[in-house]
Amino acid sequence: MPRPLILHPDRLFPADETVRAIARRLYAEISGLPIISPHGHTDPAWFAGNAPFENPTALLLQPDHYLYRMLYSQGISLDQLGILRADGSAAQVNPREAWRVFAKHYHLFRGTPSRLWLDHVFAELFGLQTQLGEETADAYYDLIDAALTGDEFRPRALFERFNIEVLTTTESPLDQLLQHRALRDSGWNGRVLTAFRPDPVVDPEYEGFLENLETLGDLTGEDTGTWNGYLMALRRRRQYFKELGATSTDHGHPTAATADLSRNDCETLFDKALRGKCKGSKAELFRGQLLTEMAAMSLDDGLVMQLHPGPMRNHNLELYQRFGRDRGADMPRRTDFVNALKPLLDRFGNESDLALILFSLDESSYARELAPLAGHYPCLKLGPAWWFHDSPEGMRRYRQQLTETAGFYNTVGFNDDTRAFLSIPARHDVARRMDCGYLAELVADHRLEEDEAAELAVELAYTLAKKAYRL
Amino acid sequence: MPRPLILHPDRLFPADETVRAIARRLYAEISGLPIISPHGHTDPAWFAGNAPFENPTALLLQPDHYLYRMLYSQGISLDQLGILRADGSAAQVNPREAWRVFAKHYHLFRGTPSRLWLDHVFAELFGLQTQLGEETADAYYDLIDAALTGDEFRPRALFERFNIEVLTTTESPLDQLLQHRALRDSGWNGRVLTAFRPDPVVDPEYEGFLENLETLGDLTGEDTGTWNGYLMALRRRRQYFKELGATSTDHGHPTAATADLSRNDCETLFDKALRGKCKGSKAELFRGQLLTEMAAMSLDDGLVMQLHPGPMRNHNLELYQRFGRDRGADMPRRTDFVNALKPLLDRFGNESDLALILFSLDESSYARELAPLAGHYPCLKLGPAWWFHDSPEGMRRYRQQLTETAGFYNTVGFNDDTRAFLSIPARHDVARRMDCGYLAELVADHRLEEDEAAELAVELAYTLAKKAYRL
Amino acid sequence: MPRPLILHPDRLFPADETVRAIARRLYAEISGLPIISPHGHTDPAWFAGNAPFENPTALLLQPDHYLYRMLYSQGISLDQLGILRADGSAAQVNPREAWRVFAKHYHLFRGTPSRLWLDHVFAELFGLQTQLGEETADAYYDLIDAALTGDEFRPRALFERFNIEVLTTTESPLDQLLQHRALRDSGWNGRVLTAFRPDPVVDPEYEGFLENLETLGDLTGEDTGTWNGYLMALRRRRQYFKELGATSTDHGHPTAATADLSRNDCETLFDKALRGKCKGSKAELFRGQLLTEMAAMSLDDGLVMQLHPGPMRNHNLELYQRFGRDRGADMPRRTDFVNALKPLLDRFGNESDLALILFSLDESSYARELAPLAGHYPCLKLGPAWWFHDSPEGMRRYRQQLTETAGFYNTVGFNDDTRAFLSIPARHDVARRMDCGYLAELVADHRLEEDEAAELAVELAYTLAKKAYRL
């Protein structure tokens, strides 16, 4: 018999009755606050076009590499799930069949945040009252599939229902931002912004780097065959993004390395890159120099920088060759910040007008490096628990390991960082609940007064994100 | 006055009454499940010969480096305890005197798992009702010593009393497995298996490596002076182990490095090894290549691989020279998995038929590397909290840091990994209690339904180990 | 309206009522024990001269880099706070104005230990009953300023009121210890000791190293231009410190590297240092060799060694140039102990008469390296949670990650390690509360009997520090 699906009102709150009661009071005051989503990967075309979502599998399973990585780890092939291949093809899979495979293995997600997010979506959005599983797979599929035809499940309606005040997507400098322009011109008043993610044109090891530089030149009319023209082209694209609402840039590097080379050395390195000879440690140096260049530009144009370092992308060679990027096979490694950021910080660390938000997949850096750095440098702030750590225990460790040295005010609230649009309210709800639980513990052991905690709950859920991202 | 010795029925359960009640219910359903011990270091001769154990000191103290490492740290020499020296001699120590030294310093173990395991043995097995200490040393000694003469304290009787369904020992490929053959032929129906631990013949830095290769050649009739013959010899020994019940291999390397060299490079490296010139990074490469070779063989013969990387063995030079290996002086270091395993994973990572179980002494790798790896690669599973981390807090960190990314089903239940036979039930009991406590917390904050937790409790205590080790 | 300032009697105890009750009972027995402060950075001149403290800002804000690092991270300049510059000047800042800036930003310290310490000082010492903030800034300033003129707020009176049994300061070998001599000769019976911190004369990269060697020669009459004379001079200064009460040395190195070179290699390296050519890895080797030399001397003279490795000092280049050392810009890095300490341990690791107390800013080393090392080597002990980790959560992680492998008896109690004299009772109180909370948890889940926990509470609060530091 299927299990009931219950979103308990006290979920994720500490078990102790006294603490739980405090958490409940704190949460009651903030659960209704609008959602600020300053960093993520939803598709602006959804909101520009406002077409209905296709079917449960295409909406909930196929875009979510958190889900199929787990299924894959237990021997389920990506073809069984109909995941798009690198060559643009996909196995002919009936979406209902793929959904059944997923449903049958739903127990694999016990104890994971995916389970929390999905159950939230199933219960809150679709009103489902039994757990997903082999027996309920078809009922789920039919109910969700039917719901998606209704107007209230179109992207803009959901955006409004979710009480999203602002949602940021992430685009390449080579993107013409047609969807964002269409959105701006559409008259709809949902606030969907872009963010400038220059990896394809600042990482000499990125696929198609040289062609990308050419395109960058075409888009800007600058000569990207010279260091100077290249920087100018980047400035122009930043400006273009800013005009379409961007308040931030985002940098997804394998490490946090930065550099501060002489102009001469920059030109030499750039020449190497142009000749396709900038690999390994040279590429690392190039990317590091570009971070420093981006910081310089940020001081001019006011865009907030985000640095997401740490993962080895596409760790699974065969999978990458068959299915391409972002298939759940990126693997975090140890990440040094103290040495790596020094060149950039030596130049701009004391600038209060610069905002550089750091993320980490290496939790051992939280108390050791990130909190001391952010608790000192005016330009640094700490992004929330990221990716694998965007989870109840991940958030608990984040607060416990960072707060005592960095405080609350050097953090920037929550990012959902997702391409799974429907999960956004669930993710923010998890963060709000965990933060209220953490604050409740501080109150219960008399480290904070409850009215201070109430103030902080609002900051963590809403205000800090708006301020940090200059929204 | 001696303190009472009480094994409280609620020990190790979370303190909160609500959570504790859930933990109690979960535990009640699994506390009686048979013990699966798929990896450890007990002596098969005990079960083959079924002779009575000698005396309390020889049984409980002298084989347990967890105990004398702590005593040694507080200035008690190994000779005072009668520990066997590297040359085979031992200080003339009256076992009762050694026991008294141990008893007098029993307070040193406060807060350690050794204390939990020993108290469990003292209370459950020997019915002792006061704590061990200076005053009770002799009473303990006399009572245990007398008990050991009884038939119900012989190895096979204890094996049955402990409700062990299967127990795996660990042997070198050079071992003829005479005890295991004797066991098989004895008619006793206790299931004691061997596991294939090839360190002495795959690590060019192992003591006597070259002689070991010769012996390996003699045992198999293969020419271990060629790369091909060497691999063939390993295959043959694996086959021999398998015939005597082995379902797994075990690899105790200083790091997790793997390699995937061309046949030519393998032969060159092997030649170096044969000439005793394979040291340092070359030896690392050799060991790494052998892991990949072992994976290839596992795909053929179905043996499950275990990788136990991380410790610097024999860190204390003087102690090693006087007392030899396994004297409590192995020291863990940082361990990288993401880079280290890539060569092996590039070749076999996507094979669902391969099973590679990873252990770590570097907890910082749990959330950062191991959970993302095991939560993606079909061939990877995660072994339980190991060695220094086989402890209540170690287990808690293990679940809290791994579950959200790897789930429960990419873990393999519990290993006791011990040479202290009497402690086996205590160790499994600690693991079961801690897992029930963890699950109870998930239930209490509504991340799991209680019936799901009950299912999982059985998996963690029993089913996953059987499945993962193909028992 | 200002918030009430309440030091709740149960603060920092676990929230669960059962556990809290145990913690309360344990704490009641130890809260009144005298303070042993075996390592810190207070100024001996305070106690020698016994002059009144100047004003609230000079007393509480300006010496405390924990405070202004946080203020600085939020854009408040050190000049606004009147912090002394590297050239000896300071911005002309009215101390009351600086205090107002601090008060206005007091919310930044929510969730940090500084908040706990300061509130303790404000409430306990000055009897303040409302929280510090913009509105209460002046009232605070006036009240504290007035109090400081009273005899009961002079250093010696506070020392006695704080119930300090012994307080250790830290001095350079070049210090003539005039204050300590004055203290000894003063007839006051407060016990204030020095500790020998040789960084300025054992680190070739220390500012003024060569001049320092000359001074060292002058002070001792030894020829510090030879390796032999240099070592002899160090021995003499140690002797001088010992005569003035020192029982310990302290070593603040960037890493834990040690070395054990031949005499010849030492002389060559020393020559290089004399010629100013000992930089980078050579300097590292020099410092490492000196640690081993210090261990040899400790075996002779009985001084306890402390090793504080890990931080990159003066990470903020510009700030360092303008404001000098110890301005809140030291950043911890990953620290290896297992490899780094091996040379020293190979030589002296088995000496029970040597005492080497290890500290770490890299918590990932706790369970992985420090606990296994200290749980084996007779010469090693573990210092308390240090610096950024001298905090409630830091202490909790310290006990949870070390105890199971190192036990309690390889730790050395608490160090306040502070230059903020008034915070000493608060810091010890936090440590005592957290330790009682930790012990209460062990009692609540039946890992310890309560009377054992009570014994341990006294050890952790008082006895272990006295014993470890040979006081």
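As written, the chain order gives the labels A, B and C, with residue 1 at the start of each chain.
Basically, contacts are C-beta pairs under 8 Å (C-beta built on N, C-alpha and C of every residue); 3 or more make two chains touch, one makes a residue touch a chain.
Computed from a predicted model, the values in this text were never measured in an experiment.
Novice: Determine how many degrees of rotation, between 0 and 180 and to the nearest 5, align the Cα atoms of subunit B with the equivalent atoms in subunit C.
Specialist: 120
Novice: At the place where copies subunit A and subunit C touch, is the share of residue numbers found on both sides over half (same) or under half (different)?
Specialist: Comparing the two copies, subunit A and subunit C contact each other through largely different residue numbers, since under half are shared.
Novice: Which whole number of Å gives the spacing of the CA centres of subunit A and subunit C?
Specialist: 40
Novice: Indicate the residues of subunit B shared as contacts by at least two other chains.
Specialist: Within subunit B, residues 14, 16, 334, 364 contact more than one other chain.
Novice: Which part of subunit B faces subunit A closely enough to touch in the complex?
Specialist: Within the complex, subunit B contacts subunit A at residues 14, 16, 18-19, 334, 336, 338-339, 342, 345-346, 349-350, 352, 364, 367-369, 371-378, 380, 400-401, 403-410, 441-442, 444-449, 451-452, 456.
Novice: Inside the complex, what are the residues of subunit B that reach subunit C?
Specialist: It is residues 3-4, 6, 8, 10-17, 69-70, 72-75, 107-113, 115-116, 131, 312, 315-319, 328-334, 361-364, 388-389, 391-394 of subunit B that touch subunit C.
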